[in-house]
Every structure is written in structure tokens, then in C-alpha cells.
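Common to both upcoming complexes is chain A, partnered first by chain B, then by chain C.
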Partner chain A sequence: MLLDAFHALLDIWVLIAALSGVAVGIVIGAIPGLGPTLAIALLIPVTFTMPPIPSLILLLGVYQGAIFGGSISAILLNVPGTPSSAATALDGHAMARQGRAGEALRVALYASVFGNIFSCLVLIVLAQPLASLALDFGPAQMTALMAFALIIIVLFSGGSILDAALMTLVGVAAGIVGLDPIEGLPRFTFGSFAAEDGLALIPVLIGLFAMSEVFLQVFAGRRTTPPAADVGPLSGDGTSNRPVGWLTLWKMRVTLIVSSTIGTFIGILPGIGSTVPAFVSYNLARSRSSHQARFGQGEPEGVAAPEAANNAVTGGALVPMLSLGIPGDAVTAVILGAFMLQGLTPGPFLFQQHGVEVYAIFEALILLSIPCVLFGLAMFRGAVHIIRIRPRHLFPVIAILAIFGAFSVNNSLFDVAVMLGAGVIGFVLRRAGFPLPPLLIGLILGPPLEQSLRQALLTSAGSADIFFRSPIAMGLFAVTLLCALGVMFKRYRQTHRRDQA
Partner chain B sequence: MPALRSRWLYLFSALLMVLSFSVWSSDYPTRPITLVVPYGAGGTTDISARQLARLAEPLLGQPVVIENRPGGGGVNAMRTVSRAAPDGYTLIATTSSPSFVAPALRDTGYDPIRDFTPILNYSGPWHGVLVGADSPYHSLEELLDAARSGSRLTYATAGALSGARLAFTQLGRQTGAKLQHVPFDGASGATAALLGHHVDIALVPAYRDLVNNGQLGLLAVLDDQPDPDFPRVPTLEQSGHDIQFPSIVALMVPHGVSAERAETLRSAFREAASSPEFAAVMKKLNQPVRLLPGDEVEAVIRKNLAAYHQLAETLKR
Partner chain C sequence: MTTNRDASSRQGTSRYGLQSWICIGLLIVAVTGLVTLHDQVTVFDFGDPGPDARFFPRLVLWLLTLGALLRLWRYRRTPETAIGDRSGWLRVILVMTLMGVAVATMNVLGFVVTVAATGIFLAWLLGERHWLFNPVLPIAVTMAIAWAGRHMLNLPLP
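Entry: the complex of A and B
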């Protein structure tokens, strides 16, 4: 089967589809607000007349390219191109400002490729058995998982736990705005129809991370404006840009494997997306690192962890989509439509009826890494120079991109207002020294946490028994508790030692 | 000089008037038509609308541009289109939920009857009453009997404001069965919850392969007509309950579009929707082609809007 599938790939159209898909994906992903969902939806009509394998490789190439592309603008501009690359910006942009943009981009690229290959291998070996795992996650198990993710973000956020908890709660509270997920009644919409959809993720993200940066610069005054950063020698033989080779990857092997595993398995579960695994693995990488203080200041592992995780989601998200016909997020829902149009109806029969096509697509997903690396390396040569643009010339562009990106999500001016509001709030919070990622995670996980908790209690007629009867939920709660105790013990020892000294 | 200029001005404006009259009297359509899809790009409603638009373009002689306006379960797009100019250049491909479910339950900012003129219904997936393969219930009556005699059964739907929920709430009220609603984010989430044994029943479309594969059992359909793929499975009405949730996917224009223009659109889209090419795409998407003229769609909406409105009033009490 695997060999037959490989033969099916030896076709010039497959090559053309792969190359153009990845190229389109990287460019679209790098532009804030234009995510893979939009790009794939627009390309679906183009693929109508193409045979199944090339058309799906084109679309999956876009998906893969876009997730990596998002990290380019995150690193160079501190504007995440896609929500999942917000975590990459933390250390990636810090590295870029030190003149290590080339190194940061390369680490991101190689980590992306690693995460992608890892998750595709998992997909090939385990797609069918893992699908039933996804079904075991009902409302009660999802509640435990969401609670676990939220608490992990708070515990391992690095700075003050209280600050992170506060920001998470602000995010969860912001997620309450909109229609109640169970009764469908409007909450905190103040009679505005536009607010019924709640605060959309992408405008909030762009506002918090990109627009707030613009406001910071506006209020920083002229003298304190940072000078344009240096690109540093591209070849990597200079002082600032360290070469990125096999040795670098080998040193990060644990981070890469842990992050890819997190990405793959969270990707399998519906409704979480790729932003949360990126932040979770960033925080875990920092908590494991021997030089935690360097995280946030330009640590290559801080770039590798989220990039490996968010690319690993690609393979994970395809597991329930292909074997059950259940898409985990918006992108896979669009890809599901494309599979159906090609006559490959995802579901239990897919592997029996179209095994060759499906395995050809899996193999292509791995091979897509080659054009990804080639295009990536070629683009970096030009792209790194963006960092040399003086901030006062760059920030108007960022402001325009932010407004455009927020508007283009739903063609809604309300979203632009949300983006600007989030920008002001982000500016105030950053000035006050609060961490922003927990706020974003709270906003992403709050609504599904509320929904699954209420669903669980509806099914159990209001009894908390439903959590105790589920081994998965209890296991997750136990791990959460252990993590909390571990962090508390560590902090206690630190303060204790300081007292003795 | 000023006189000369004003004479030129007169001449120019007269010319403009003639031109604009000629535009007025010339055949509709003369510019691209916008077809609003109330959901995100890439879903079944979007893909089928894009295909329909592509097939209607040569018949209308103008491009049909798809505009996705997701959000609010389709309500946002309906509100926008209800306020668009009634010139026949803005259409919406809408579904049951924003046309007669959401407006019955809450203020949506538009009236589906007064603000819209239906043109044509072209699809509408059947919603089934599904149970797990190992479920002890093999018919709707067995299920209702169990729910009447103490068992509390949970049913998953695609969302808080779904018509399926209203139909089952009504069923519970009429039969005294204890049925607990558990809304999910979309039909696929509800199907997954049933497959994973987290709920007892799911009211979802797109069940054909899962039922044929023996993973789920189909007890009834919520529509007013049986599903042609499962002709022996009864509707709720055939099972003796005066309840229906008809599923529509219809083209509508804002109210006030002239009868000629509406007819131009109707004939073009009817021809496109009855083409074998459209049927082939819909078959691949696992969606039916159901053609209904505009006035019949309006009757369906009117009837169900009234029924659901009444139900919503009793729910509030």
C-alpha cells in the first residue's frame, strides 16, 4: 500500500501542486489576518477539475505553508501572521531585534519541519486507532482538558503566577460576551447585533500583540525609539547569527519531541486549534530549560517549541477528520469539503476504499517539507531585511496591516473596533508589566470550557459524578494537581533557599 | 463664455439622462450579482452555492460573486441582506435556522416574511433522529416510551438555536417524554458525541454512511417528507406526532425586487439547479437537490415561523 501510494506521487502535476501550494501558503500565512482557511476556501474551486491527489496536495500544501508562514511576520514584525504563531513572536522577535533574525527564522523553519514530519508519521501509523480516542473525549473529558490547559498556562507562564491567573481570568471573562452557547441568549452585547458573535479571536490577537506595539511606539517618544536593528551576516559565520545545523537540532531534541507530541495529540481533539499547544509547549520548554531567564529575551528553544507544536497540529487534526469525518477546526472543516468534492468521503470507509489516495496524501505531507525548506530559505534572504526598516517607517505599515487583517476576517467594522480596543488594553497592560499570552489563552479556552462544563452537567442532570466516573477526566485532573503541587514545591524551595542565604 | 459653458452643461446633462434611461430600460442584469453565503467559506452551503453561482453565470450573462458573511448562525448575513437595495443585485443563499428558527426565538433585526422574497429552494439536508448502534431503542416509540417511564434521555443538536431542538422540545411536551437538550458546536460535534456514547440521541444531518455502516441507527426524520435514501424510516408526522422541522436551502432577495427581475433570477437559478452537473456536485457533497418554487418556500417559512413562535412563547413561561 505505501509503495503503491508512493508511485501515485510520481507525477509532474503532484510536483507542481506541491510547489505552488507551499508557496501560496507561506505568503498567505505571513500576511496577518489571511489565514489558511481563507486561502484554502478560495482555492477549492480551482481544484474542481483536478484529479484527487494533486488537488488535495495543493490544499494541504497551503495549510502547511501557511502555518509556517505565520512565523515569518511573527519573528520579523512581532505581528503574528496566524494566531498559532503568537507564541513564536515572544522569543523570535527578541532574537530578530538582536540581529539574529536569520537564526530565528531557520530555527522556526527546521522546528516546523520536524513537527510536521513527526505528526505525519503518527498519522500514518495511528490514524485509525487514534480516531476512537477522539470519540472518548466527550463533554466531561473536554472540561478536564480545558481546565488542564488553562492551569498549565498559568503555572508555567514564568513570571508571577498571580499576574498570569489574573490575565487568564480577564480572557475568560472577555469570552463571555456574545450568545450563550447553551440557551442562545445574548450576554453583554448591549443590544448590539455585531457583538452577538462575541469578541473574535483574530481581531483581539492582532490588537493585543500588533496594535499595542504601535501604541507603545507612539507613546515612547522620539528619543527612546529603538534604532533599526542589524540584520547580521546571513551565512551564520558572524558573531550574532549562530549557524543552525544538525547539532542545534540535536541539542533541542527533547523540546522538539515533547512539543511535537503535544501538538499532535491536542490536534486530534476537536475544537482547541493550534494556538494552545504552541503556548503550552513554549511554557513547558521554559520550565524544563536550565536557563529559564533567557526565555523571552531571545532563546532559540523558545522559537522551536511553539513552531514544532503548531505544525504538528496539522497531522493530528487530520486524524479525526479522515477517519471519522469530524473536523477539529475551521481549516480542517474546509479541507473536509475538498475531500468530499474529490469523491473521497472521509469516514470509516475512507481507508478501505481509497487507501492508495489517502496514503499518497500522507506521504506527500512529509515530502512537502522539502519545498517548505527550499522556499523558506530562499525567502529569508530577502525577508530578513524587513528588520532594518526604521520603526517609525514600519509602524504605520503594521497599523494598516492590523486594520486590514481585523476587517478581512468577517468583513466587519465591529471587528476593527474590537481590534483597536484590544490594542489599547494591550498597551495599558504591557505598560503595567502584565503578560498577554494568558489573556489570549483565556479567550480561546474560556468559551469551550464553559460549553463543555455545561454540556457535561446537562447530560448528568447537574451531578458532578460524570467527572468522577471518567478515568480520562480524573487522570487529567490528577496531572493538573501534580503540576500545581510541583510548581508550588519548587517555588517554596527557591524562597526557602533565599531565606537561608 | 459662461453662456457657452452652461449650454455645454445642458447638452452634457441631457446626454447623461439619455444614457441613464438607456441603462434603465436595458436588460437586467447589467453588472455582477452578489450572492451572500451566511456561513464561512468551504462548508457545504458555501460549496454548493459557489457551484450554483458558476452554473447560473452563463444563463444570467453576468458574473455571480460569492460573499461569505459568517457569524450569528446566519443571522448577521440575513440582517445585512434585508437592508440591501432591492435591485436584484443582492441575493442570499439561506437555510432554515436564520429564516424561521432564530427569528422565532429572539430579536434578529429582520422579519423573514416581510423583508425577503424567496426565489427558489434548491437543497435541504434531512435531519435524522439517530441513536447508537448498541442503543436499546429500535423505534421512535420505544425511545419515547422509555423517556416517559422514568429514563432521562439526552439529545445532541448542532447548536442552541437549532430547529431540531425546537422540534424535539415540542415532541417532549406533546408526549410527556423526558428529553434533555445538549447543544454542540455544529452537527459534527453532535455526531461525535453520539458515537462516543456521551449522549443518547443526536438530531443531525449527513448520517447516511454512518447508518449504512451500522454505527448509528436512524429512527425517524424531522422533515415533512421521508429521506429517499431511507424510504422506510418514518417522518415525525408519519409516526403520529404533529411536528416537523423542514430543512431548506433557498435563494432569497430583499423584499421589493421587481417581479421581472425576480423571474429572471428564478429561471436562471432553476435551470442551473436542475442541471446534471449540479446534481453530480451535490451527490459528492452528500447533499440532496430539492427544488421548490419561491411561494412554496414562503409558505414553509410562514407555517414554521408561526409554530416556533408559539413554542418559544410557551418555553418562556
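Entry: the complex of A and C
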């Protein structure tokens, strides 16, 4: 299987897709405010006519490139391109102000690549066995699994649990529109034939993540100007860069391995994203270090730890997405949409039906590290110009691409209207600080949750006993309950301590 | 409710702000959904045991109603994000209206005209006055996308 998959990669279009995906990802990730979710959402329509392997490699290349690209603006401007790069800015920008921007960017690049390769190896080892295990799941177990995923996303998404729960319910409610999954009856279509297919995922996510960004920019008006870089030249005379080679990486080996492990395994859990592991790894690297005082002042390990962790999340987050069909965050939800468009429905049957494609994607994820290093090194000098692109040049182009992307899904203006509606909703919710990823994941998991719940209840003639008779379902409910109790206890302790202080 | 999230921090706080209005909106949508459930979801009952097509929507809409009420009650004494300045909302409503008109007239005027007009207006609203970036850039991008869509992706663009 692995050899067949490797043969599938020996195609010029795969190479072109990988190179362009990584390059586009680094550029978009480097621009503050734009992230992998927006980039992938806008690029999905480009992949419609492409075969599955190059199209998915293009999008995964964007994902990997954008996560690394986020560190460029974090280091040079102290403005994280993606939220997960915020921890990188702590020491990365300090290094840049000392004239060591080139060194910080190289450490970030190599740590990113290490984290990515580590997590992809874990993905290859874990995804298939997990999918095989899930093959034995019936409707009751699938209901418990979906409920577990949704509740974990609510509990661990950060911020207010109530807000996350509300957004998840909005997403699940939006998934009701269209034909009922069991009997095929129209629901809340208001007589519209176009609405019977439900709210198509791609227009909704283009609206939520791309068009809402345009509206936020329009709302802010002309006040937003790109921040100025205060770091001087990246390389050559006048800098204090130290060479970054194998020896530097060897000295950081424990930090890289620990951070990658944290990133990968936190990435597997739904809803946490890559910001938490980046900060956890940074704090752990600082507490382990014999030079704790140097952290925050320009310590290379302070750059390596969060970068290895946030890149390791990419492979980790793909484990539940590919093997169970459960996206862990907004980016994997968008990638799940891209898989479905290519006819590869993520879940337990994916490995049985499309094993070659899946393993080709796994191998490509590891090989994508090569263009990532090459483009990363080549783009350092141009990075200062990329991150200074003005919003008034960028956002009209994003709006044009969003309209085109929404139309191209089904060649339907109804989808463009859905995209605009989702954009308005996303804009209002983001202004109010409500989290969007739970909404998107609720929209994706709502229909399969309903299908498995109703199938389970239909097979047991409406009795809930079917859940109590299944040890797997009971186990999942017990873990969900334990997680909920754990989070409630932690929040209670935090409030108690704050009151005491 | 915390008041310094996302873009909201710039706009100050208010006793009844965006969060409350969103929750009230969700409450209205959920209650309307529950009231119209029978009309919007036709069920043909053949006496089968187990849940019908109304079961899941009813469950979700009730949870949404409870969630919105709980959110309103839980944060009733917390300052919220202010609605924001009127000119910002006016700009957003203008862009939304323009895009709505663009979608409505796309079949008549064509993809290139409507989408390029949207891009030009948006660039103007964001403060772009240089001829190269407005109108040349939006027109060039729209034409390039339309060409690629028609000839490379075989899309029947209006």
C-alpha cells in the first residue's frame, strides 16, 4: 500500500500542487489577519477539476505553509499571522530586535518542519488502527462519539463554555435545513427547491471565514494600516545572526521532541486548536531550561518550542478527522469539506475504499517539508514586503474570490446568497466575540449525529436502552462526563483562587 | 461577558450590547422554529415506533431556546460590546446591499460587470484612490478569474 501510494505521488501535477500550496500558504500565513482557514476556503473551488491527490496536497500544503508563515509576522512585526504564533512572538521578536531576525526565522522554520514530520509519523501509525476500531461502531456508538466530540469542543474551545455551546447549537440547527436524513422530508425550506439540499458547507465556510473578514475590514474603515517592521536587515552585515544548523537542532532535541509530542496529542483532541499547545510547550521549555531568565529576551528555544508544537497539531488534528470524520478545529473542518468534494468521505471506511489516496496524502505531508524549507529560506528576504500588503488592496480581491468560490460549488446563485448570509452572521458573531469554530463543527457533525441517533432509536423501537447496553457508548458517555466534571472543577478552583486573591 | 475580544475592544462597552442582541435574535429564531415546526416539517405517520422528522429539530430548537435564555440571564450584569459607530455599520450595510444587488442582477449583467463593480466599490470604501489599484486591480482580477473559471474549470459563469 505504501509503495502504491508513493507511485501515485510520482506525477508532475502533484509536484506543482505541493510547491504552489506551500508557497501560497507561507504568503497568506505571513499576512496578519489571514490564516490557513481563509486560504483553504478560498482555494477549494480551484481544486474542483483536479484529481483527488494533487488537490488535497495543494490544500494541505497551504495548511502547512500558513502555519509556518504565521511565525514570520510574529517574529518581524510582533503581530502573529495566526493566533498559534503568538507564543513565537515572545522570543522571536526579541531576537529580531537584537538583529537576529534571520536566526529566529531559521529556528522557527526548522522547528516547524520537525514538528510536522513527527506528527505525520504519528498520524500514519494511529489513523488506520483507529479507523479499524470505528468500523465496529453501530448507530448507538456513533451517536455517543459525535456527542463526545461536540461536548469536548464546547468544553475545551477556550473562552465562555456557554458561548461555545450556543454556537454549536446554532451550527447543529443550521444543519437541519434541507431534507431529513432518514425519510427525505423537506424541513425549513420555506418552499424553496434550492434549499432542499441544505446549506452547502463550502459557501457557508467561505462566508464565515473570508467574507466576515471583509465585513470586519469595511467596518473598521480606513483606520487599519499595516504595522511597521522595526527589525532592520534579516541577514548580511549589521546583523548578529548565529548560524543555525544540525548542531543547534541537536542541542534543542529534547525541546523539539517534547513540544512535538504535546502538539500532536493535544491536536488529536477536538476543539483545542494549536494556540494552547504552543503556549504549553513554551512554558514547559522555559521551566525545563537552565537559562530561564533568557526566555522572553530572545532565547532560540523559546521560538523552537511553540513552533514545533503548533506545526505538530497539523498531523494530530488529521487523526480524528480522517479516521472518524470528526474535525478537531476550523481548519480541519474546511479540509474535511475538501475531502468530501473529492468523493473521499472521511471516516472508518476511508482507509478501506481509498487506501492508496490516503497513504499518498500521508507520504506527501512528510515530503511537503522539503518545499517548506526551500520556500521558507527563499522567502525570508521578501517577507518584509509580503506582510506589508495593504488591506485595501487585499480585501476587494478576497471578496471577488469569495463570490466566485461560492458560485462555483454548484453553479448556483443561491449558494452565493448563502455565502453572503453566512458572512453577515460571521461578522456580527466575531464582533461580539462568539467563537466560530464550534458553529462550523456543529454544522458538519449535526446531520450525522441526527442520523445515527434516530437510527439507534428506530432499531430499539424508541427506547434509550440501546445506549446503556453498549459498553463503547457507555464508555464514551463516561469520558464525556469526566471531562465536563474536570473542566467545571478547574473553573471552580480558578474562580475560588481569584476571589481569595 | 469579556469586553476586550476581537475588534470589539475598540468600540467600548455597553450595558446591553451586541451579545444580548444576538441572544435575543437567536431566541426569536428558535421560538419561531418551534412554532412553525408543524408547518415546515410534514410527517407521514405510518405508526412506526421511534422518532420522526420533527424529533431532532424540536430537541435542538428547545436547547437553543434554553441556551439563549441562560446566556441572557448569566451575563445580565456584565458590560457588553457596544453596537459600534454608525458609520461603520452604514458601510457594512452598503457593501451588503451592493453585493445583494450584484447577486440579483448577475444573470442579467453578467459575472464580470457585477463582481468587478463590487470590487471597485469595496476598494473605494477602504480608501483606495490610486488608479492602478482601483479600478484596474479589481477589474483585472475579476477578468482573470472569469477566464480561468470558464476555460480551466468549465464553469458556466453568468
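We adopt the following convention: the second predicted complex is superposed on the first by the 269 of 501 C-alpha atoms of A that agree within 3 Å, B and C clash if a C-alpha of one lies under 4 Å from a C-alpha of the other, contacts with A are read in each partner's own complex, and residues count from 1 in each chain.
Note that in this section a contact is a pair of C-beta atoms (placed from the backbone, for glycine too) under 8 Å apart; a residue touches a chain by one contact, two chains touch by 3 or more.
Note that the structure is a prediction, hence the values are computed from the model and not measured.
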| task | Go through the superposed model and pick first if A:Phe467 touches only chain B, second if only chain C, both, or neither. | result | neither
| request: Determine, under the contact definition given at the top, whether A:Asp180 touches first (chain B), second (chain C), both, or neither. | output: both
| field | Partner chain in contact with A:Ala432 - chain B first, chain C second, else both or neither | value | second
| task | Have a look at where A:Val214 lands relative to chain B and chain C in the superposition and call it first, second, both or neither. | result | second
| said: Quick one: is A:Phe114 in contact with chain B, with chain C, with both, or with neither? Answer first, second, both or neither. | reply: neither
| First, second, both or neither for A:Val424, with chain B first and chain C second | second
| request: Mind working out whether A:Leu166 is in touch with chain B, chain C, both or neither, as first, second, both or neither? | output: second
| task | For A:Glu196, select first, second, both or neither according to whether it touches chain B, chain C, the two together, or no partner. | result | first
| message | If we overlay the two complexes on their shared chain A, which of chain B and chain C does A:His393 touch? Say first, second, both or neither. | response | second
| Intersection of the chain A residues that touch chain B with those that touch chain C | 45, 180, 182-183, 185-186, 411, 458, 461
| note | The answer for chain A against chain B in the complex is residues 37-38, 40-42, 44-45, 134-140, 179-186, 193-194, 196-197, 270-271, 320, 324-327, 330, 333-335, 337-338, 340-343, 345, 347-349, 410-412, 448, 451, 455, 458-459, 461
| said: Which residues of chain B touch chain A once you look at their complex with the stated criterion? | reply: 40-44, 46-47, 50, 54, 67-72, 75-76, 79, 105-106, 108-109, 152, 154, 159-161, 180-185, 188-189, 191-193, 195-199, 209-210, 213, 215, 281, 284-286
| message | For a test of understanding, state which residues of chain C touch chain A in their complex under the given definition. | response | 1-2, 5-8, 10-11, 17-19, 22-23, 26, 30, 33, 36, 40-44, 48-53, 55-57, 60-61, 63-64, 67-68, 70-71, 74, 80-81, 84, 87-89, 91-92, 95-96, 99-100, 102-103, 106-107, 111, 115-116, 118-120, 122-123, 125-128, 133-134, 137-138, 141-142, 145-146, 149, 152-158
| said: Which residues of chain A touch chain C once you look at their complex with the stated criterion? | reply: 45-46, 48-49, 159-160, 162-163, 165-166, 169-170, 172-173, 176, 180, 182-183, 185-190, 214-222, 391-393, 395-397, 399-401, 403-404, 407-408, 411, 413, 416-417, 420, 424, 427-434, 446, 450, 453-454, 457-458, 460-462
